[in-house]
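Next come two complexes, and both contain chain A; in the first it sits with chain B, in the second with chain C.
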Partner chain A sequence: MRENGKMKNDYKVKTENITVDYGEKRALHGINLNISSNEVTSLIGPSGCGKSTFIRCINRMNDLIDGCKVNGKILIDNEDINNQNMDVVELRAKVGMVFQKPNPFPKSIFDNVAYGPRIHGTVKNKEELENMVRKSLKRAGLWNEVHDRLDASGLSLSGGQQQRLCIARAIAVNPDILLMDEPCSALDPIATAVIEELINELKERYTIMIVTHSMQQAARLSQKTAYFHLGEMIEFGDTSSIFTNPKHEMTEAYISGKIG
Partner chain B sequence: MTNKKISALTKKRYSSEKRFKAYCIAALALAMAILFTLLSSITLNSLPAFTQTHITTDVYLDKNLLDPNNTNDLEAILREGPWRSLAKSSLREMVPGVNDRKEKRELYGLVSVIAGDSIKYYVKENPNDIGKKVQINIPSSDDIDLLTKGLIDRNLPEENRTVSNLQLKWLDQFIYEKRVSKRFAWKLFNHGDSREAEVAGLKGAIAGTLLTMFVTLIISFPIGVMTAVYLEEIAPKNRMTDFIEVNINNLAAVPSIVFGLLGLAVFIGYFGMPRSAPLVGGIVLALMTLPVIIIATRASLASIPPSIREAAYGVGASQLQVINHHVLPLAIPGILTGTIIGIARAAGETAPLLMIGMMAFIVDTPHKITDKATVMPAQIYMWANNPERSFESLTSAAILILLIILITMNALAIYLRKKYERKW
Partner chain C sequence: MKTNNHINTGFDEDLKSLNNNIAKLGGLAETQLYETMQSLADKNVYKFNKIINRDKKLDALEDEINKKVVEFLAIWSPIASDLRNVLVAHKISSILERIGDYSKNISRRSLIIIEDNNFSTLPVNIIGLGEHVQKLLHNVLDAYMERDVDLAMEIWSQDIDIDRLYLSLFKELTTIMHDNPEEIKDLTHMVFISKNLERIGDHATAIAKQIYFLVNGSMPPDHRPKADFNID
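Let's look at the complex of A and B:
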C-alpha cells in the first residue's frame, strides 16, 4: 500500500554509484540519482546513453538479460532492491513498467488488465477484480472507449489505446512507481498528447520516471530532468533550470540541438 | 547516354528475372508431375484390392448335421460344426457329377480356403436359419478373383494360367446363374494378416500402428516439450547448453536403424521387454522423434516476441507464470505442428522396427502395448515380398491407406496451426 507517513525530504528512489556491464562493455558509469515521490522525472540524452538501461535497473528488468551485471545500491523506500531478501516479483508489483512499443498480451482487454491482480492475488473475488479493472481503465483514460467491448482482443485497439491499456495493466497491481521507457515513441502526436495528459494526472498517485527522446515532452511533463551522455549522468535538476539555464556545456549543446 | 545504358541493363535484368521465374515454374511442374504419377499409379494398382469377388452358394444348414445331439447350444455348434465339409458338399450340390478327386480339388479351389468360416460366421449372425436352405456369399479364391477382375487372361493356354479349363467352365456357369458378385473388401479393415490374399487385411497392422504411435506420443511429447522449454527459456546460455544443442541437432540426423539397434540392445536385451511389441517400437520411435519435437518446439518458442515476456515480467509474473501463461500458449500451434509431423514420420518408419522384431507375420490384432504386433509400413514390406499376384494390388492398397493416414495427420497439423495462429 502507499506510504504517506514518510517525511517529504525522504527520497522515493535513491541510487548510489550504479554501474551496469553488458559482458565486457560498461553501459553505465556510476550513476547517483535520487527521485522524489509524486514527481515526474525525465531522463533525456542521445541514443545509447544508458537512460533505458538505468530505468530497467529500478525494477531489475536487467536480470533477464544474459551477461548483464548491475552493481551499486538502489534503495526504494530505503530498502535495497538488490538485497537477497527482496523478492523480484514483489518488487515488480511495486514498480510498474510501460514499454516503448505497446505490448498488450494477445488476450482480451479485460484479461490484460486483470492479469496482474490475478497473479498477485490482490483481489479476493470476481467482483473486486471487475472493480479493479474498471478503476485501472478509468485511471488510464481508456474506460469510455472500451467499456462495451472488454472481451475484445487487446490487439484490436489502436496504438495509442494499446499503450494506455499497457498503462492500465501496470497500475492495476497498485504500484508506487511507474517506469516509462519512451512510451510515446511509437505513437502519433494526438495519441501522444492523450498519454501526456494522462501522465500529468497519474503523478498525483505515482512516482514516475520517463525516458524520452523529445525534449519538448520532457519540458512539458516533468518536474526533474536528468541528462545522460555515454553512460554518465551529466546533469540533474529541476526541469525549468535545466532547460533555461543548463550548468553543463554538454547539456546545453544537447538541448539546443547541437549533439544527439 | 546514361539513360540508354540503364535501359539496356534494365532489359537484361527483366529477362533474367523472367528466366528465373520460368525455371522455378518448371521445377514446380516437375515435382507435381512426379507426385501425380506416384499417387495415380498407386491408386490405379490398388483399386482391384478394394473389391472382392464372392460366389453366392446354396447351403443347406442341416440341423442333424450341425447339431447331431440336439443340444441347441450355439457356441458348441459354432465350435464343432463340420464347416469345411459343409462348404465342400454345398459346392458339389451346385455342380453335379464331380466325383474324381482331382476334379473335386479344382472345384474346392474356386472358393477361399476359409469358405467354412464364412458359413460359420453366417450361422453366428443368423442362428435361427439352422435347418433352412440359405444363400451365403463366400469369397472366391484369389485366382478366381484375379480372373473376374481381368487380371488373368482367360485366353492363355491352360498350362500358362492358374485357373484350369474346368474351373473356367464352372465359373461361367456361376456367372450365368448370377452367383458371382464383386463386393467392397471389408476384410481389408476387419481382418488381420493372412497367407491367403483373399482374406489378408490390415486390421492388425493399423491397430499396431495406432498403439505404437500412442506410446511414441506419450513419451516423446512431454519429454520433448519440457526439454525445449528448459533449453530455450530457463537454461543459461553457456558452453554446456551449446554442447547439448549441437548433440540434439546431431541426433536428428542419426540413421533410424541405429535407434532400432539401441532398442534391441537396451530395451529388449537389457531390460527384457517383449519382442515385436508396440511398447518397444513406440519407445524406439519416440527416441527418433524427440529431436524433431525439441527442435520444432524451440523454434516455436524463439519466435514468440520478447515484448510479450517483458510485459509479463513487468507486471511481476514469475518465470513459470511467464512460460505457462504467455509463452507456451502462444507457441502451441508450432509445437503441435512439429509433433504431428514428427509422429507422422515415425509412423512411416520401418528400419528401426526391423531390429526389434516388428517385421513379422502376426495374424492376431494387438490389444495391449505388450501384445505382438506389426505396423503398416512393415505390413507393406511383407506383402510386397509375397509371390502371389493378388498381393500386388493389396500392397498398393496398404500404401494408399498409409498415405491417407499420414496426409490426414499432416492436414490436422496445418489445421491446428491455422486455428491457433495469432498475429501481433
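Let's look at the complex of A and C:
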C-alpha cells in the first residue's frame, strides 16, 4: 500500500490516535503521524501546543511525569512500544534524546560518551569501548576538537561543543531514532550552523524528529514538517510545501508571524 | 486566504512601501505607453523627448525596488505567501521597467517617422494595437493591486488577440513596403513599433501569470491559446 508515494512499511514510527493527559488537562488530542526512516521531521507550533509532549511519547519519557497518561498506539518498526513486554531502558537506547540545554554529565568527555555503552553492556572490552567513543565523537563532529583532551571535563566545553557531546552520548548506544527538543535554542549562530550540518549528516544513519521554534531551521533541515496547535496536529506534509504554500490558514499565519 | 496583519508591524509597513512603489512604477509605465501612442496618433513631436527622458525615472524606481527587496529578504526572511509577495513584486518591477523601455523605443522610432514626414496616414491598426495593449496593461495592473486571479486569467487568455493584431499589421506593413519601396525606412520603424507593442502584450501576460502564482502558489497550466505565427 502506498501513501504519498512511499510504501507504508517505510515508516519508522507510526502513531495512531495519541492522546496525552496531564491530570485533568488534555495536552494532545488524537495525533496520527507517521515518521519516515532516515528523514528529518520537524515539529513546529507555538509554546504549549504539544510538540515536545508528542516527541516524549516516542521514548516513553512521559512515563516519568506524575499524572501523565498516554493513550493510543505507537509503533516503532511495527512494534508497540507501550506493550507490557517492552524494556523501557532498551527503548530509550533505541530512541536517543537531545534536549534544549546541553546537559553533559559532570564527568570527562570520554566518560560522557562511554556512559551509555557501559550501562547497556553494548561493548565487550576496553578496546571496543574506546572505538565506540571515537566513532561517536567523530559522527557528532567533535573528535577533531577534543581527541587530545578526552580526560577533560565535559563541562569545560563551549555550549555548541557540549550539545555535540550530548549527541555523541546519544548515538554511542546505536540508536535508530534521535529526538531533538530545540537542540539549538541555547546556541549562538555558528554553533547552530555546526549542529544543523551535523543533523543533516546524521539523517543518513538515523531517523530524526526535531522540535524547533526557528522556522528557517525547520525549512533548512527537515524533509517533513508537522504544525501543532493547542494539542492538535493542524497540518503535516513535505517541508517544501509547508513553507512555500501551506494548505491551512493557521499554518500560514503561524509560520508568517501573523496575528491569528 | 486570510490577510491578517503581522505581529511585527514593521513587516507590514515595509511590505506596504514595496507595494506602493510597484503601484507607482506601474502608473509610470502606463503613462509612458499612453503618451507615446497618443503622441504618435497626434503626430506630436514635442512630447517624445519628454517621454524618452522620463524613462530614467522608471529605471531609478526599479533600482529602488530591487534594493528594497534585498533589504526585505535580509531583514524579514519572509515565507509562504509573504515570500511570493516579495518575489512577485521583484519580478513585476523588472517587467514594468522593460515595458518602459519599449515605450521609449517606440517614442524614438515615432520621432523619426514623424520628422521624416514621408507618409500621409499611419496604418489604422497600429493605433488599434496600441489601444488594445494599453487596456491589457491597465487591467493587469488592476488585477495585481486587487489580487484578482480571475481577471488575471482573462488577460492571460487575451494575448492571442494581440498576436493576431500584430500579425495582421505585419502583413499590412510588408505589403505597403512592397508597393512603396521609398518609404521602407519608416515602414521598418513601424514594424518595430508593432513588434514592441506585441512584446508589451506578452509582458502584461507575464504579469498575469505572476498574479496567479502570487495567489495560488503554483504556475497556471500552460494551455492558453496562441496565434499561428505564419508570417510568410
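As a working rule, the second predicted complex is superposed on the first by the 249 of 260 C-alpha atoms of A that agree within 3 Å, B and C clash if a C-alpha of one lies under 4 Å from a C-alpha of the other, contacts with A are read in each partner's own complex, and residues count from 1 in each chain.
We adopt the following convention: a residue touches a chain if its C-beta (ideal position, glycine included) is under 8 Å from a C-beta of that chain, and two chains touch if they have at least 3 such contacts.
On a predicted model such as this, the values are computed, not experimentally measured, just so you know.
Upon superposition of the two complexes on chain A, no clash is found between chain B and chain C, which fit side by side. In the superposition on chain A, contact of A:I190 is made with neither chain B nor chain C.
With both structures placed on the common chain, the touch criterion links A:F99 to chain B but leaves chain C unconnected.
Judged by the touch definition given at the top, the superposed model places A:L155 against chain B, while chain C stays out of reach. Look at A:I255: by the touch rule set out above, it reaches chain C but stays clear of chain B.
Applying the stated contact rule after C-alpha superposition, one finds that A:A219 touches chain C and leaves chain B untouched. For the combined arrangement built by superposing the two complexes, chain A sits at the apex of an angle of 140 degrees to chain B and chain C, based on C-alpha centres and given in steps of 10. For the overlaid pair of complexes, the smallest distance between C-alpha atoms of chain B and those of chain C rounds to 33 Å.
The intersection of chain A residues touching chain B with those touching chain C, taken from the two complexes, is empty.
On chain A, the positions that touch chain B within their shared complex are 59, 61, 64, 66, 89-93, 96-99, 101, 103-106, 115-116, 119-120, 155, 166, 169-170, 172-173.
Contact residues on chain C toward chain A in their complex (touch as defined above): 1-2, 4-8, 11, 77-84, 216-218. Contact residues of chain A toward chain C in the complex are 215-216, 219, 243-246, 249, 252-253, 255-260. On chain B, the positions that touch chain A within their shared complex are 236-237, 305, 307-318, 321, 325-326, 330, 422-424.
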